[in-house]
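Read from first to last, the chains carry the letters A, B, C and D; within each, the first residue is number 1.
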Amino acid sequence: MMKEGIKIATIGGGSSYTPELVEGFINRYEELPVRELWLVDIEAGKEKLEIVGNLAKRMIEKAGLPIEVHLTLDRKEALKDADFVTTQFRVGLLEARAKDEQIPLEHGVLGQETNGPGGLFKGLRTIPVILDICRDMEELCPDAWLINFTNPAGMVTEAVLRYSNIDKVVGLCNVPIGMEMGVAQLLGVDHSRIRIDFAGLNHMVYGLDVFVDGVSRKEEVIELISNPENSSFVKNIEGLGWEPEFVRSLNVLTCPYHMYYYKKKDMLEKTQKEAAAEGTRAEVVQKLETELFELYKDETLEQKPPQLEERGGAYYSDAAVRLITSIYTDKRDIQPVNTKNNGAIASIPNDSAVEISSVITKDGPKPIAIGDLPVAVRGLVQEIKSFERLSAEAAVTGDYEKAVLALTINPLTPSDNVAKAIIDDMMEAHKEHLPQFFPKVLS
Amino acid sequence: MMKEGIKIATIGGGSSYTPELVEGFINRYEELPVRELWLVDIEAGKEKLEIVGNLAKRMIEKAGLPIEVHLTLDRKEALKDADFVTTQFRVGLLEARAKDEQIPLEHGVLGQETNGPGGLFKGLRTIPVILDICRDMEELCPDAWLINFTNPAGMVTEAVLRYSNIDKVVGLCNVPIGMEMGVAQLLGVDHSRIRIDFAGLNHMVYGLDVFVDGVSRKEEVIELISNPENSSFVKNIEGLGWEPEFVRSLNVLTCPYHMYYYKKKDMLEKTQKEAAAEGTRAEVVQKLETELFELYKDETLEQKPPQLEERGGAYYSDAAVRLITSIYTDKRDIQPVNTKNNGAIASIPNDSAVEISSVITKDGPKPIAIGDLPVAVRGLVQEIKSFERLSAEAAVTGDYEKAVLALTINPLTPSDNVAKAIIDDMMEAHKEHLPQFFPKVLS
Amino acid sequence: MMKEGIKIATIGGGSSYTPELVEGFINRYEELPVRELWLVDIEAGKEKLEIVGNLAKRMIEKAGLPIEVHLTLDRKEALKDADFVTTQFRVGLLEARAKDEQIPLEHGVLGQETNGPGGLFKGLRTIPVILDICRDMEELCPDAWLINFTNPAGMVTEAVLRYSNIDKVVGLCNVPIGMEMGVAQLLGVDHSRIRIDFAGLNHMVYGLDVFVDGVSRKEEVIELISNPENSSFVKNIEGLGWEPEFVRSLNVLTCPYHMYYYKKKDMLEKTQKEAAAEGTRAEVVQKLETELFELYKDETLEQKPPQLEERGGAYYSDAAVRLITSIYTDKRDIQPVNTKNNGAIASIPNDSAVEISSVITKDGPKPIAIGDLPVAVRGLVQEIKSFERLSAEAAVTGDYEKAVLALTINPLTPSDNVAKAIIDDMMEAHKEHLPQFFPKVLS
Amino acid sequence: MMKEGIKIATIGGGSSYTPELVEGFINRYEELPVRELWLVDIEAGKEKLEIVGNLAKRMIEKAGLPIEVHLTLDRKEALKDADFVTTQFRVGLLEARAKDEQIPLEHGVLGQETNGPGGLFKGLRTIPVILDICRDMEELCPDAWLINFTNPAGMVTEAVLRYSNIDKVVGLCNVPIGMEMGVAQLLGVDHSRIRIDFAGLNHMVYGLDVFVDGVSRKEEVIELISNPENSSFVKNIEGLGWEPEFVRSLNVLTCPYHMYYYKKKDMLEKTQKEAAAEGTRAEVVQKLETELFELYKDETLEQKPPQLEERGGAYYSDAAVRLITSIYTDKRDIQPVNTKNNGAIASIPNDSAVEISSVITKDGPKPIAIGDLPVAVRGLVQEIKSFERLSAEAAVTGDYEKAVLALTINPLTPSDNVAKAIIDDMMEAHKEHLPQFFPKVLS
């Protein structure tokens, strides 16, 4: 059983998102009495860890709370007896993301950092590290919950479920909350009154129904969204509108990432144009990050600076701390998370990860059964699930052909030869972070 | 959308249980502001309706609440614009139940008023009436929720789901709450700290896991129950203990009614002995009821008398009003109810009724996916589900052969010829309440 | 029960394929004693019907068989008491197919006459006619088998299963036989020694295993196919080779039509180039047809001319007559057909049409259970199945928005707006054959 | 690939059934050119092995066929390079079966040597031996097919599928053939014209439809069977008739063993009466066996004596050799066998054994998908499947509590305490053959 006073270990603690998380812990301290927050990072991230760690300390001091912040490069020390492990690291940093986006574009393909070629390579780099963390957890904190924010969150959760002995794992994403916020705004009601029945996969999640105070208002919302001006109701993909006929006949809510699939052509053109004008999204974010860290350095800063919201991770902290709080307090509220399907969605295997509205208990998320997804969306969801499974398998085995297969079946990929060409270029570019594909010869 | 001030229509309002229900509405008035409570009964129940109705009025007056109590024999008037319809009627009264129990015993078979021959005939009498109520509801209160307490609750819910146009239906039973209470007592903790993951069918429900404050203590509970002294931890089936090896290897919690199946022989002997000594359970209850109504008549009585608890329906009121409140307030708490499976239990059809832990929203119960039932219990659950489906079909069609089939496949039945003999005797005995099998010849 | 002497009704009897069919009946006459062959066509096809009908008569006369050939424009007369109804008509003739191929190309999308936009519109034109034939069959030959060759065969079979009362329906395609022929050639063995375990959908079928004399030689075949020179082993899609890594990791046999999906980009370029050089496939076929009918007119011609094979329908006759023979004689051999899934492929609904190796009995095809499709192909198959279902629904209801949805989720479609644009152009172009979308105003 | 000239290894070769098998090999020699037949037995069966082995030799000599018969006590020598391994041994001989039947009867329970307490203990004795044979096969003849006749055939096949590395296994039973013979007789047509669509489990199999020359005549057969005089249409369970209403509403064919479940009471009384009069079935069979072996000793006997048919194993040889022949020749005919479900029956797990009409290929049986079993029979089939799985698990692990659980959930068992009492008595009685439950202490 959990002891009073919680220990949190945050892998990738030097991330620019950390102040969000710290703010979350401060705001919910009464329900969630964190005693120790361990921010871990690797040698290369030491400077950032210190900057952001010191900001965290100042924030907590200002709040007057007895939370100890520890900064360390020693992961094992941080994991020892932790109650919750959160992960928000990025293997290869934003430089790697830039390649994930740039290289596919050169082949006329969207990089898409979760369910596209970018996501495949992010997975290939990340999954071995996550599985390594899982092995440490088995030894050092076997009762802890792994709360994974690291993208591609669906693929990573799938990999942990299939290839580790850790089953206390939840994958988390801010997209569903963002959709709720968007709907709240559309309807002009407070976010707290909105509930969406979510089902699907990470970055491929649908809102099957929308409730305000428990009463369905889906029809009205669908009608509003079928107005192209409203259709993209979350911040980071703007300017494109759905065909009203498509929205109405689909008759469920899409998430912003669906634009990559149902508007492949437009999104590709938009991304190419933006890349030409201002660089890839990674490059834009890189600039933002540099600015953020400049702000964080300011020793008078004692709270999360408003500029952080532009970074794209809005609500992440809220989502994460809300989830941890509900587990810790056995709150049994409904939250959309990535968890084991367990039959909740009929056409997805029981042992695969899905993103779905679940009741959050101290024993973890319990997915709410939905029967099956609407006919119109089953195929795309299956395709991405298969992509995730094959990618995870390639990440674990280092099987090059499996990686080619994963990318060929991805809906963003136009041809098997393009898949292979992208993979060859990206393997080369990410070489140093893909030891499973490039085993070092012993000298 | 629901208006302020709720209208409840209670079919079978003259039941001795009504004071429980009224007490529930009084206790939760703040959350659930009932404005009108309509107690409906049939001509034959008029006297009881008045007795219990007047007690209800006195109780409410004493509580000082603005709830109007209406007594009526006109069902349509009661249903008009109702928000919730609760059913607690008994076609043929306790006399019919006595036959349900007595006749099978004469053939050496347990009557079992839900999942045995007694339940079959209770279903054959009840289902046509329930479907008639559903047709009225379609017309008079299409947005109302039907909260069914009438046994056999699983079979009745199945029939409503399959053969009516009402899909806002929930079947309710006090067995799961009783199990939680029993476990709370065994562990010496307050009931509010217990959560059991329920799955199965009505009176055939299992506790897959047991949590105290969100932490599983199943192992400990299984060990406690494997002690025969503790094994029957709910009031109305006492004196028999499970074999410890069975309890431990089954490794999920049984409900008291499981004794009828896993201890057929002992239960039969016990029931025969009791019937010889004190009459059937129906006769015992009849005596209790007569005494209760004597008490109810006392015009100085202004609250539920303690003797009501012995009647066996403990927690029913709590269960019912708790459910109605959670629907009304969109509370999203977890309650075990009979609802459409929707994939929550893999081996039961999606469109069948199951009894399962569900999140209660204003949009109704949302079952929590469990994957599948343990291997050891799947067969029995399937058998009862098939029994329920065939019984419901026989009730709707008046197909005599289907009734024989339903009873022959019931696990309590020793042979097809015994099934037929019981059915023939019971058809004759219940003739007047089975118009679908005995159509009146027009003169 | 079937009487001696079989009556066949062939809807679209004026097709250039008819001599294939007639040859088939002649070759199998001993097993399948056809007594009457009714070739039906519409007024517009009268001339062709006469040309091809007279050739049929000459072929039969030469064979010395007592088969009566009837030519008629009266469908009801042909259907009356038929034992088998075969359909090979083309609503709107090759002119319509030309539009199916041309219009999408103008939007940069492959027309694809079965599982692409071309297939959608072919379905929208064809399904109402097929359902009309089904209604006639119910009345005139309720025990007959409907053997459907009309493309899109999967979508049409799905529509008959869902929207008619005829359940004796089989959809037939020559692709699986072609794959067997190709494999036989690759391995240098006679076709009769090859068996492929087929599963999937029409024009989206996979070979899960390959046997020679009952012994699996899949590994060897996969290796051979991974050689790009061999990869396209059926006649009508040539010149493109698979990436070897893709073939090996997919590890099941693809069908030629898979090139449209796994090599979208290359196929589009190839098709555009060919369309520019020699016109669309429809135009090429049109030329071939004209030549064929010139040949057919020759009153000395008494057999199928060899030029017919170039038309692309090789083995169709063999497939069709083989199927009819196996049904008629209760042969119980294994054939790949489009039939009701019935659980054979786990991720496809039980009541949907699949293309699968089945045992052919007098009671129809019995699909062989395969468990589930390989992970890598489930998504694409689901997507096409959803496309088929939504298209069939649109064809029946005349729901424009449903048609937009069907095309938007099709994997060949790059964006919702492109889907809508194609649909608008094609609706206009095919107006006269889409009465469900353009109801005539009564004057 | 298989070589010309087949080697058969028959474990339990000294069985009185062996002449049946030999007759089968002789009759089908042309299709199935057996070169070596190895009859293996254990030391205790040496005498019988010699008697029956010599009869086999005489039979083959008379037939003038070049089949070598080898008699051996060395299992490994027999298995070396075998093409087919058949098993027909009986751990503990008929003495053990007598206990399997006698002990439960003393507790008022049917022994039932497959799906009752007798079957449980037969499984506990047999499964470890079968798994040992599987381990030998892996080493000595990894490509051989294991054709298992040893009862309980369903439980044994389940155990091999779950707990060995051999997946080329088929379980075989003569019940389905017997049903076909019975139906043929009822309808007065030759057996070869009958096909029944079988689905279910071993000794719990149903005939879903019945065809004569491919045309369904189920309705007529159901009507005939509903006549109690016809209802028990297979030899070894006679004298009891079904209730006509039950037969008609069940609307599928039952197998004779269903009498143990749907007529528990009558079968118990009948068995008790017979046991009192003539001893248990085991004792009757024992007498028959003694007589048979006396006949076999006669050196002038050169063929299967007609008395063997009374032994109860009629058609076994036909079933077995027919199956082996179809595998060897890749015949692709339909036979009912015990094989991996693979989705053919929806409510049974894909990886469990079912008894189902399958197409027999050189690659083994391919089950024909049936969708799901009728509602009325799903429960009983699930219950027996769960019984088989738990029994197999107990057999492998030696877990006493699991054995108690298996028997408690068996539909023949009246109570958990009766289950435990039977198990305790039988464990004691069979001690020497249950080493997994009574590990020898090393001295």
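In this section, a residue touches a chain if its C-beta (ideal position, glycine included) is under 8 Å from a C-beta of that chain, and two chains touch if they have at least 3 such contacts.
Because the structure is a prediction, the values reported are computed rather than measured.
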Partner chains shared by subunit A and subunit B (touch criterion as defined above): none
Of all other chains, the one whose Cα centre sits farthest from subunit D: A
Mean-CA-position distance for subunit D and subunit B (Å): 44
Centroid spacing, where centroids are CA-atom means, of subunit A and subunit D in whole angstrom: 55
Subunit B residues counted as touching two or more neighbouring chains: none
Chain pairs that touch, as defined at the top of this document: A-B, A-C, B-D, C-D
Interfacial residue positions of subunit C with respect to subunit A in the complex: 242-243, 245-246, 248-250, 262-266, 347, 375-387, 389-390, 399-402, 404-405, 408-409, 411, 414-420
In the complex with subunit A, residue positions of subunit B that touch it: 1, 195, 197, 209, 211, 213-216, 329-330, 332-334, 341-346, 350, 359, 361-363, 366-372
